[in-house]
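The structure appears below as structure tokens.
By letter and in written order, the chains are A, B, C and D; residue numbering begins at 1 in each of them.
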């Protein structure tokens, strides 16, 4: 297993960022890797930015700085873009095109960035980038997070094997949602298996 | 939630590793230490601690759980959100004096509110252990200042612990309980956002059930009178020299990276230590430096620091977030001991006393300090990031869609012309403070908890003798009203201030996660205090309760309250969308259809002086809406249907014609925040229907306001619009 | 009083020397600086400052004065005793934001209450000058702690001045107003008892009438939201580096005794400077030492101190009362500047961080420091002083004769057996706190303002799950009830505490000099808030108002309130003896005689089960009185005459017989404090008479209880007794 | 005029200590002597101890320490006795036998000291001592303070001449009470003029 690896999850309050981070923490615990997490979610319920940094390895914190993130999971494209200074050339990124527009964009005072163009840029800069332009219709938007985790698990630098991540989901998610969650994970894992984006 | 509660209550006879948030670790540690009662006022970043005990209390009080889980429901932990931090600390002190161990939890500014209780109890005595947890917020993620609570250690002469990680916090809470019981002083554990909201691995153990047996001892220390105070002060200072204190100072002064003899020494405390540890190890320079982490910061670990200072370093760096408290203590002790090593701190390499530390900041500081370039071990940044970072739209927090505060602000916008009137709107802390931001901009001042009503009366008084004897308006949330607003209101009534107080009563403490308060108690164990009789008993002559969604009636009441000379209070009462009663309504998922006859009955059509709002009028929307409201020739308030006064008739027809742009314009004619309109609309112009294939008007609004050509949104709504239109069948 | 008010308002175009108390100088300086409004909460040693403005306000508001003294009544100064320090500071801030200059006055612990307002406004902005005066009390002459308010300078990052004398205080208040207006920050002037309550010569000048014109500016600084806070913190710190601040630091860093090059240097602040100056000059050693007095203590006068440190002294002594704040700053700056001079401070020659300085203490310190014996210049003490000082009876303060609180305590003694019951009585700050001392001993706890009600509910909660579900009693004064008790009571009602609150309502803020409060406003410009409707509106189900002198009725009500499950409140309402309404009664000077028939109608004679109290029963007085009160066979409460239940019949007859000892025993049988009885007696068993030669029963009691053989008092009473007996004619 | 001289007034709340001190301050102002005063009257209205120290001369404060008081005016005998450690062998004392008993004495828990015996002791120790065993009946007890001031003025080390003190009274006291006050002062000044006590 790798040592000292940093994962960042970025998105908007309500997208299940903390939930996703809990699954990754569980995966680390199951793997016996020291883990710590730093979440920033001040006013998340009021639609603010939420990020969760996960550090794997001894002396590795969840705090991240310039070029300090090895793996980025972006639940919202604008928030993914906001994180690029934390990436480095060996980083991997998986992100989806599910937009949540801030007030300024709705009020036509600002423009939402060109997501597809950004995805191309990122693809050229980083080791491996997966961009989900359209989420499959069968997935409820609340499970986009787990879908992206599935897609991430297939990427070559993701620190956990799919069995571990599945066990983590099984352990973190209880009751009624477990099956749906595992299905979303599976869908992500298998998503456009034969078509590599960017 | 129940699983998390069971988890936190479950004892482990052998060490059990788990990865938890600092705040969760603190709660667990208190349980392991045998806490009997927790008293708190919510506030980020402290809230999770108290929320856990709120759940624990609910869980343990439930007879079903008592039967099902006898082990973890015995000796239940008392929990209370007191109405403010002063009372929370006072009750915790009293609880401790009654020989039951207590914890009191609050955020940084909360300690100001509670400080009077802290400053005297130290001269007296407590009974069972009493631990105070104060969570600071360097960087002001969610606070009105970034004050450094470490001063309280010195100022109140109480032992203070300053953890760097969740694991530290967990251990230190247990140490704090033990020490407090031994020296009969409250002990403060101070965290920061980055400790409270960080997750790390913590080892759970057994839970102490040696609970305190209620007992009150009549002691002279309980009587604080001037004659005894001076001697009591000396006794207090002696307590800090107790061997138990000295032992804890030693235990919590830890060497890190100490294997090699180094020329550079670092003394750090709190989260600074975490940053150092990662950066030094990540950049393989741990052999170049020795680090002393100080976990206990009051009293100052003099012995440990002197011994570190004497190790003959060339340079010593002091790292601490916010004020130079540690630095000054180290310099003082160095001076006293005639140690001439160069000491660096604030002012070195960009270290300032504002804001929080970061990996980047500390990386730079350590490179400068060690005179070493870390770039060989650094990752390569992406190219052209500026291009993709410049002009990115910010994402400030905003009032939730459907939030009743939006309706109240809309009402205020109608009643008060911000351009023409000099009327001052004094805001307060809470969700509705977001009304200060665009697009609402309906607040002139926001300060600290409970200031609104004082601000209004002070501003009124300042202009009292001048010609403009205008009323001043105070806006305050229901939680804040009970926290400290009531006292200010008493003062306003007493001094005959001419102010209007609008209580944004969303039936909960919204900002911090929907805690109960005396005005909205929810649980039967609490007595709910109805605000209007309280205000009338207090002598407020005009008290009006309004439903902010009922615009016409509310507008009238608001104007009456504005005209009243003296203290008038308007209570805008409607539930927060996160409360069950709001959700219940939504959960009914009733299918609804538009009634054409009723749709045509809105004010737009009854007011002969103003043409139908299909005529696009981009400038004077608010004044037109206002004119309509006060117009004589219109249907009565009770009959009025669209609270935002939107012509649903025109809107509806535009959609049927496929003219979505017009439809949006009709909404925007009356509602600045068109998209929100769809979310807050409570569909008064619709009738319930059993037909499955009917789309409610709210959904129509939502779909139209989300159309791409109007809002340049290239994502899903296009498809959703398509799908939605398919489903419309009229 | 009116003359003092005129004096303080009178402008002087040429310098006018006068000898005034520090607090008076402060008030005058504020007037000269052009203060527009003063907001305060009373508290020793600060009270005189606010009292002056209370008189100024009354004087200037009086139309007669406005006509008679147009010059000194124009531009009247607003004044208010707010209900607590937080609200006082908040209103002062608001007043300043409304562009009217303000001063806020409080005692040391008051700053705790107000601190939340201070800690955030610094991140924002004020308008017109705002000066906060905080009066510390080293030695705890009249405070519940001796906390060092100098910390607030550092903690809140506000400029702070620390005068040594009334003249300093006078100048510094004026400097503070000027600085505050320039840098838009509140400025704190901190005094101590020995500065506030010292008289010294001050030079009065002109009074500034450039009063602020009311104005409110909508500024982004008025909106405190987290997004802006971090930058605001940096701006705040920049303000402290402003040239106006630096200038004041220089002006207030003064060299004293600087003519000679000395080997010894002293840096001192506050009253310490005064002691040094006197002792050095008195002992003719001024040439041996240079003294630097620091009048401005935050920000730290770095430049001035470094320049002093560099003057090459052998030793430097730091003198400051209370905490080692100055000392640590000096050591820190010495360390930073690599200055190796020996610095002495706390720990040297008996210098500690508790208590206040004295001539004797500082004399010893200076002898040690200068290694010089002052004995040649010293006076010779008297011989055998120990003999005359040992065993001198102390003179603790006591409740005034006639104080209604005595009657309420007597009532509580009757209702609550302190020996047999574990009932806890939680006291609060105020006159009635003297009830903790002998002979009353009727309080188990006293802490800080408003704690009583929190203490009671916390203690109730601590024992809630145990078998003893006993009610806990909170005792609180009416002023304190409005200060902070009300909020605690809201919390008690909310959490369904089982407590009894007894409000000692003497219609004023007694302890601090009889200020008005919302429950006893006295002036028509204020709205008086009646407590019972407020409590009922709040949801208190049982509220009883009693007249504590009416013992039988009060006893019944108190017992009912004790039995009530939940929050019950008893308001013991009777005026303080210093209030006009009390004095009015006395001033009637009606002559009165005893009506033998009515005299015989007291409970003693109606209660068939208990024999007449002429039978001496030294042990069970209280229980017998209590038995009588609850006895079935007795006359009704309304008919009952002697509130202390004393057999006036027997008493009266004993005096006629000349058996004064018996007479005293009869009184003491029912009343522990016989002498007081005569003072509090309101003579219900007497009838008015027009005869001049009749001595009232009250006087009889007074004379008998003052007889020497009973009280070993060898002074006047003997003669008075003789004279009085002469006058008895029956 | 003398320099650096300390006067102490001691008594019980309500005896007019501050009032007396105001007259002395006025006398100093009239004489052009720098003056400062330190009063301790915490809970005076509740019958506590009140003292007022008056310092005359440059750098002379109202604070007093061991053997630091040159002139003591005692309005109450017990409180006079409590001050003896502040006296020195060259001090002058004037005090009266108007007793105000503390609670402990009234409750027979403590004994009031023997005042006459104390007066003899003091007379032997100090330069000049005047003890008023019985105040003349014609004086209201509220004016005992001014009476003692009159008696003090006659003593050889008292720092003000009677004309100055009289002018001070004239300046400080206004209205109705002025005449009564001046009379009490005169009575003190002339009290047992031909009979020196102790």
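Annotations
The rule we apply is simple: contacts are C-beta pairs under 8 Å (C-beta built on N, C-alpha and C of every residue); 3 or more make two chains touch, one makes a residue touch a chain.
Bear in mind that the values here come from a model prediction, so they are computed numbers and not experimental data.
The most distant chain from subunit D is A, comparing centres defined as mean Cα coordinates.
Averaged Cα coordinates give subunit A a centre that lies 27 Å from the centre of subunit B.
Averaging Cα coordinates per chain places subunit A and subunit C 61 Å apart. Rounded to whole angstrom units, the spacing between the C-alpha centres of subunit A and subunit D is 86. Contact of a single residue of subunit C with at least two other chains is seen at positions 141-142, 226, 396.
In subunit D, the residues that touch at least two other chains are 42.
Contacts between chains trace an open chain of neighbours here, each touching only the next in line.
Residues 4, 12, 21, 25-26, 28-29, 34-43, 45-49, 55, 58-68, 78-79, 81-82, 84-85, 87-91, 97-99, 101-108, 110-113, 115, 118, 121, 125-126, 174 of subunit A are the ones that touch subunit B when the two sit in their complex. Of all the residues in subunit C, the ones that touch subunit D in their complex are 3, 17-19, 21, 44, 141-142, 165-166, 194, 197-201, 274-275, 277-278, 281-282, 358-360, 363, 378-385, 388-389, 391-400, 431, 434, 438-439, 511, 513, 578, 673, 675, 711-716.
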